[in-house]
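Have a look at these structures, which come just after this line.
Consider the two complexes below, in which subunit A is the common component and subunit B and subunit C are the respective partners.
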Partner chain A sequence: MTTNIQDSPRTALSNPPVQPGQSNLGQPAVRRSSAGGPVAEQPTPLTEVAKLIDVSKCIGCKACQSACIEWNDTHPEIETNVGVYENPHDLTPEMFTLMRFAEYDNPDNGNFEWLIRKDGCMHCEEPGCLKACPAPGAIVQYTNGIVDFIHENCIGCGYCVSGCPFDIPRISQKTHVAYKCTLCSDRVAVGQGPACAKACPTHAIVFGTKEDMKIHAAARIEDLKSRGYENAGLYDPPGVGGTHVMYVLHHADKPGIYNDLPEDPQISPVVEGWKGPTKTVGLAAIGLAAVGSVVMGLFSRSAVADEDEHQAQEMVDRAAAGLPVDPIPGREQV
Partner chain B sequence: MARRVYSEPGDRIVSTAPVAVNRYRGWTRLNHWITAASLILLALSGFALFHPSLYWLTGLFGGGQTTRWIHPFIGIVLVASFVLLFLQLVKYNIMRREDLVWARRFRDVVSGHEDRLPELGKYNLGQKFIFWGMFWLILVLIVTGIMVWEQYFGGLVTIPTRRVAILVHSISAVLILLVFIIHVFAAIWTRGTLSAMTTGNVSGGWAWRHHRKWLRELAGRQKVDPAE
Partner chain C sequence: MTNSWTDIKNTDLVIVMGGNAAEAHPCGFKWVTEAKHQRGAKLIVVDPRFTRTASVADYYAPIRPGSDIAFLMGLIRYMIENDKVQWEYVKAFTNASLIVKDEFGWADGLFTGYDEEKRDYDKSSWDYVIGDDGFAVTDPTLQNPRCVWNLLKAHVDVYTPEMVERITGTPKDRFLKIAEMIGECSSPTKTMTSMYALGWTQHSKGAQNIRGMAMLQLILGNIGVRGGGMNALRGHSNIQGLTDIGLMSNLIPGYLNIPTEREADWATYMTSRAFKPLRPGQTSYWQNYPKFMVSFMKSMWGDAAQKDNDWAYHYLPKLDVPSYDILRMYELMDEGRVNLYFCQGFNPLLATPNRDKVTRAFSKLKLLVTMDPLETETARFWENHGAHNDVDTAAIQTEVIQLPSSCFAEDEGALVNSGRWLQWHWKASDMPGEARNDVWIMAQIFLRVRELYRTEGGAFPDPILNLTWDYADPNEPHPEELAREMNGRALSAVYDPTDPTKVVAEPGKQLLNFSQLRDDGSTASGCWIYSGSFNEAGNNMARRDNADPDDTGAYPNWTWSWPLNRRTLYNRASCDLNGKPWDPTRKIIEWDGEKWSGYDVPDISPTAKPGEVMPFIMNQEGVSRLFSRGLMRDGPFPTHMEPFESPVENVFNKRMRGNPVVRVFAKDAADLGTSDEFPFVATSYRLTEHFHYWTKHNVVNAALQPEFFVEISEELAAERGIERGGRVRVWSKRGEVWAVALVTKRIKPMICDGKTVHVVGIPLHWGFVGAARKGWGPNSLTPVLGDANVETPEFKAFLVNIEPAVGEAVS
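Moving on, here comes the complex of A and B:
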């Protein structure tokens, strides 16, 4: 028997349903689609979800990476150890999430801190990738906030790479389509939490409704503050309308120290200009020029007169006869 | 025989009754049409990725993936063929003093009073504008195009640079299409011009009217029978 998955995102902590379920994501839940792709007329109303990553609890074990590889059945290349902890060295088309390690010399208290951040798609409320994408329906956003790449519509142009404020999407040289974290949309659709959250041994990664995650984060921040991290806070950047992956940072005033987490991420004004005025004004200009020239061409022309032919004939004949063909005085040069 | 200043090697009077003048040799015409075809294909494939309402144009190329793949290669073909056109014609497209007068009296050009203008060589200022407009825009398009050519040059420039490159690429593409529209319009509006790029010849009257210095030089270079 199948269970109808209610609109109740479960945290990775609670026991998810084990019965086969009906997916609640898919076309009926699409509220936004790239390049004017199809959106549901009345999208299924779902509660906004979020993944919360508490970097203060992370021990850098990379269980989340392993779980991600396993669930998504990707095969990251085995690389060479160059003396850093990151493995692989960057996000790749086969590695959707990556532990980034930073060694931070805290100038305020002289402490040496090891900052570990799980990098990956932030699932922006206002996704730059979706804005930049030229292929209809290749990037969608569901009503629960998850931003998903629909690979069969992707053309591999890399515009999403330019659009993303977090440097997340990667284009595969094998399949020529873009990849990134899906927030395990295929698991969330049937009431499961993301694989990384499921695997995290310290519960540094938790998943649930965005409201619940904010409440959970507030308690964590209070705890951190009581332990001396007075700048502890939630990273839910308003420049992109908030995100569906949030961080609890012990130094929320300095996100940059966590391997260049952007201070105030937003869709670049260059991308906005490209996808805004350039697109519409450019097309209008070309359209007007084309129509204008056709209209002008219908009403006017420059034609060669018989007199011109006659003059040319005379000049050529004179020259052929060895006579001079000097220009009309005053018109030769200016 | 008079030295050539205004005419290319190959430009010559091919018949005297009536006068017909060869303006472009066969391979120049072929090369021009390769450039033209490439530009049209680039415009169609570029338009498809430029505005969602034109995404259907990807169907002409066999889908979005193929369009994305083929567009830069057509760009390479265009650059290769345009470089040849450029090298061949740059000498005749240098600005001259008479071009300034032509610009000042542009109204006479439009109203058909070219007799009030100085005599011109192979190209007038309008044609030179097309030439240099194409040159600079193609240069910008190929440079920015390579910067955003994900498949082979994905890591060439940083993401912020790539954003600027793609914006500049789009704007330049719009501008080059405007130049292209002016080019096609002028070639049709000025009757008698198109044959220069089809058969290669123009009539004597056309040359007299629009490029008299060029015609004069060619007239002076005709083979004269030594017996005369």
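Moving on, here comes the complex of A and C:
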């Protein structure tokens, strides 16, 4: 395997470089940008990466959550216990990944199973958030597949939440911008694996090229099948063009039992279909749909201040009209 | 651990019972994942709750807290009945063939010799028949009905799968499936590893739980082999080191004993420590006890310890009771017989049973000193925190002094892990504020006390005045100086015993290892089992070579492992009577016709012939013990005993309550509840998100598991009208707590002896200081009772009641 940081990432299992390295991400590697934001003319060609989460090896220890908090220097609230193991209770602007615990009585063999899944951004090849985003350059995708939020360009409108088939981004009420897992783009850029993979004590989380991760997954699936999990498989949903975060599931035929992991995630046809000025209409439609159907959508929409809403609309309109968009004054960078 | 963490990757089957490795030891658990992934190993979990370890297990079975012995004896019965025995191993390497005295027997749950008045056994019948030659009599054919094997067979006969189900609540089909999986490991080429922790030790018969599994492992031939062993997962960083260096009231470093009052002089003390071999030609390594002991005394008192004053034996305190364990100390404190209590790295207000009693006891002290890097509840036991610590502050006159000390990353030294590896670490950061490391604090106290003795005299100043204290800076001995002292050095020339003209260690030099210790005063060593850790080659604990030839998992040059850098104890047993590995793919060592060698340091004299010298060199028999003679207070075989608080009676003897030889103080006996009043079985445990009462100070850990809760089944919740996430009151005979109810399918009611048994799970980790929400620990509820042999408190099985909390919510 090549050791060129400029291209192939190291897996989290190998020792990463210790000497300072040049970042291989950033604008030169942007191949896709929201709302007509700038993309590199000839983006740095990077090998596609992926994080593989093997739920059958996961012990739900939350070391990934801890590492995520430490690396990203977030400050999740000390909440209450509401009678479950999930804490914080949901993804938040301060908690980009979350262990979700599902108690499952397997009807096929009468066995009880405790299915633990690390939730977080899936880094879709066709990212619904990016497509829904009206703020130029607020969401980008690099040539290695990582989908990153560029906070200084974010207008906090929450459309990314509506556009995400996995219900991942969260809008901060303090900074009014959207947050989610970056796949530790700042670590990956210099040859390190994501913090969660580094911290995972059982190597349930591994990181590398997407191709390597698929090979690794195949071996794991074979092992699971030998243990009686006939439907073990890889979760790399085609509806979003595949993902750069994949799961090995013991019951790949029933992703829904893992705390509602979508069976066949798709980008909303409204988002998929729009072009130019129709985007505004489409966004409004999603907003309404969210209010009516998705609890999280409701939450995130209501979290956007009226003023922001107004400014967002203005920016969308300007962008649609091909006019330059200034960042909103006074917004903190994170 | 007999083996090491890294060795677990070599196993075929992991049984986690009496522990919860994935949650309490997540980093070590990686080796289980490794074994599953690389070798296709299987994982069995037996636990009252479906834990996070169970979530990645191949097979799980529930068990009623405190009934493990029945399960284990049932397994042994199954192995014998179904011929799942590694016969060659059992015959050669265990005491199966030794003949036991005719008087020994078992009936109605009790062994011969029980004295109800004394709550103790007369153990004289629990022994071998000794022949005229002075050796134990054997019958290698195992035909003699009085040989250990036949007695064991008779002893376990009652533990049928039906009886196991009746006592433990484990469904018979689940028990049998597990027995079948384990039985496969009787093959010489298949091994099982046992990973256990406080789920087995914190019982009034904890030591017998562990013996039960050790016996099963011996019958399967799984001790001393790669991927096998009895692997105790220590509950605390460096708690292995704590026991190694004897931080217990009855121990001297290296598992030597503090004398008792009955051993008034050196000669008497040594008479019971001759350790003469019980079989011809056997090693009986404890015969070297005098060398370890004299070297210890020389290390402590140097020139003041001489042959003609019995090595200053009179300096050693003599115990008037078997031990001053924490349960006894708090009893004495509660009686007003303790003035001053030093709490070093310990938070007993949340860690010692019956918190009410602890508070009462602390309130009777004149002075309480805490040494801890963190704020502890103990230091604030006098402070009123509403329901969380409802004390009358004005009525407490105890003076409390808090001495802030250092965390592990703020000083240097070795931490000993569960696998007996002494891993040196270096300081990463300065201590905050006025914190000082423990060595500095202890040195300051010692120097001041010595000065007081020097100037004012005292009843017996000699042991203090003559204590060796020759450190470069007496105010703060350096960790390397202390480590060198434990390793030991030559005080005068040390000679080769086979060639008295040959000097093996020059005066002043560090000793190579404990083979150079002498009982003539020429050597000093503070802790004989650590001898070799810091010799003339340097600080071996600081080694960081991660090479592992042939991927055996031994990592021989990574830090240093006691004893002698040996990674797998009893590794001689990995080979047959010809010295060849049972499983050539899992070779550790091998006999080449002249000597033993291999990947690990042989646990046998290098030239001991395989057919002659047996592998269990620390035992007088040379073999391992399926029958433990009189070495344990509660029986030479494990026998089922109920917890002191149990929902059911002992099926063998309705009059027996708990372990019949456990020490129970009168007041504590009155504080025991019964199932009429307290119908539910409670058990306590840790959660992955926290480490004891430390990490609640950390905002990250506090965010990941913020608030005290208890776990109950959906059935119990329905029965008591408790809602998921609702608040409940849990109370025992000794106290009460309020918590959030975590209602789960992971706990299910069990049927034991015809009765439905509900389990209430009570995690620890919350108190009234720190970043997490205020809460309680299980010790508000648990009884003051310890294991019969080592006094580890019974935290894992007790009775409670539960109801929805009414009135004002406490949070």
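We adopt the following convention: the second predicted complex is superposed on the first by the 266 of 334 C-alpha atoms of A that agree within 3 Å, B and C clash if a C-alpha of one lies under 4 Å from a C-alpha of the other, contacts with A are read in each partner's own complex, and residues count from 1 in each chain.
Assume a contact is a pair of C-beta atoms (placed from the backbone, for glycine too) under 8 Å apart; a residue touches a chain by one contact, two chains touch by 3 or more.
Being a predicted model, the structure only gives us computed values, none of them experimental.
When the shared chain is aligned, subunit B comes close enough to touch A:270, but subunit C does not. When the two complexes are overlaid, the chain among subunit B and subunit C that reaches more residues of subunit A is B.
Looking at the shared chain after the overlay, A:158 reaches subunit B, while subunit C stays out of its contact range.
When the two structures are aligned on the shared chain, A:139 is found in touch with neither subunit B nor subunit C. In the superposition on chain A, A:167 makes contact with subunit B only, while subunit C stays out of contact range. By the touch criterion defined above, A:184 reaches neither subunit B nor subunit C.
When the shared chain is aligned, subunit B comes close enough to touch A:35, but subunit C does not. Touched by subunit B in one complex and by subunit C in the other is not one residue of subunit A. By the touch criterion stated above, subunit B contacts subunit A in their complex at residues 13, 16-19, 48-53, 55, 58, 63-65, 67-69, 97-98, 100-101, 110, 112, 118-119, 148, 150-151, 154, 159-160, 162-164, 166-167, 170-171, 173-174, 177-178, 181-182, 184-185, 188-192, 203-209, 212-213, 215-216, 219-220, 222, 224, 228.
Interface residues of subunit A facing subunit C in the complex, by the touch rule stated above, are 56-63, 65-66, 69-70, 75-85, 87-88, 95, 103, 105, 112-116, 201-204, 220, 223, 226-227. Residues 35-36, 134-136, 153, 155-159, 161-162, 164, 167, 171, 173, 176, 268, 270-271, 273-274, 278-279, 282-283, 285-286, 289-290, 293, 296-297, 300-313, 315-322, 325, 327-328, 331-334 of subunit A are the ones that touch subunit B when the two sit in their complex. Interface of subunit C with subunit A (complex): residues 22-23, 26-27, 29-30, 33, 36-37, 40, 42, 50, 52-56, 58, 60, 688-689, 699-709, 723-726, 740-746, 771-773, 811.
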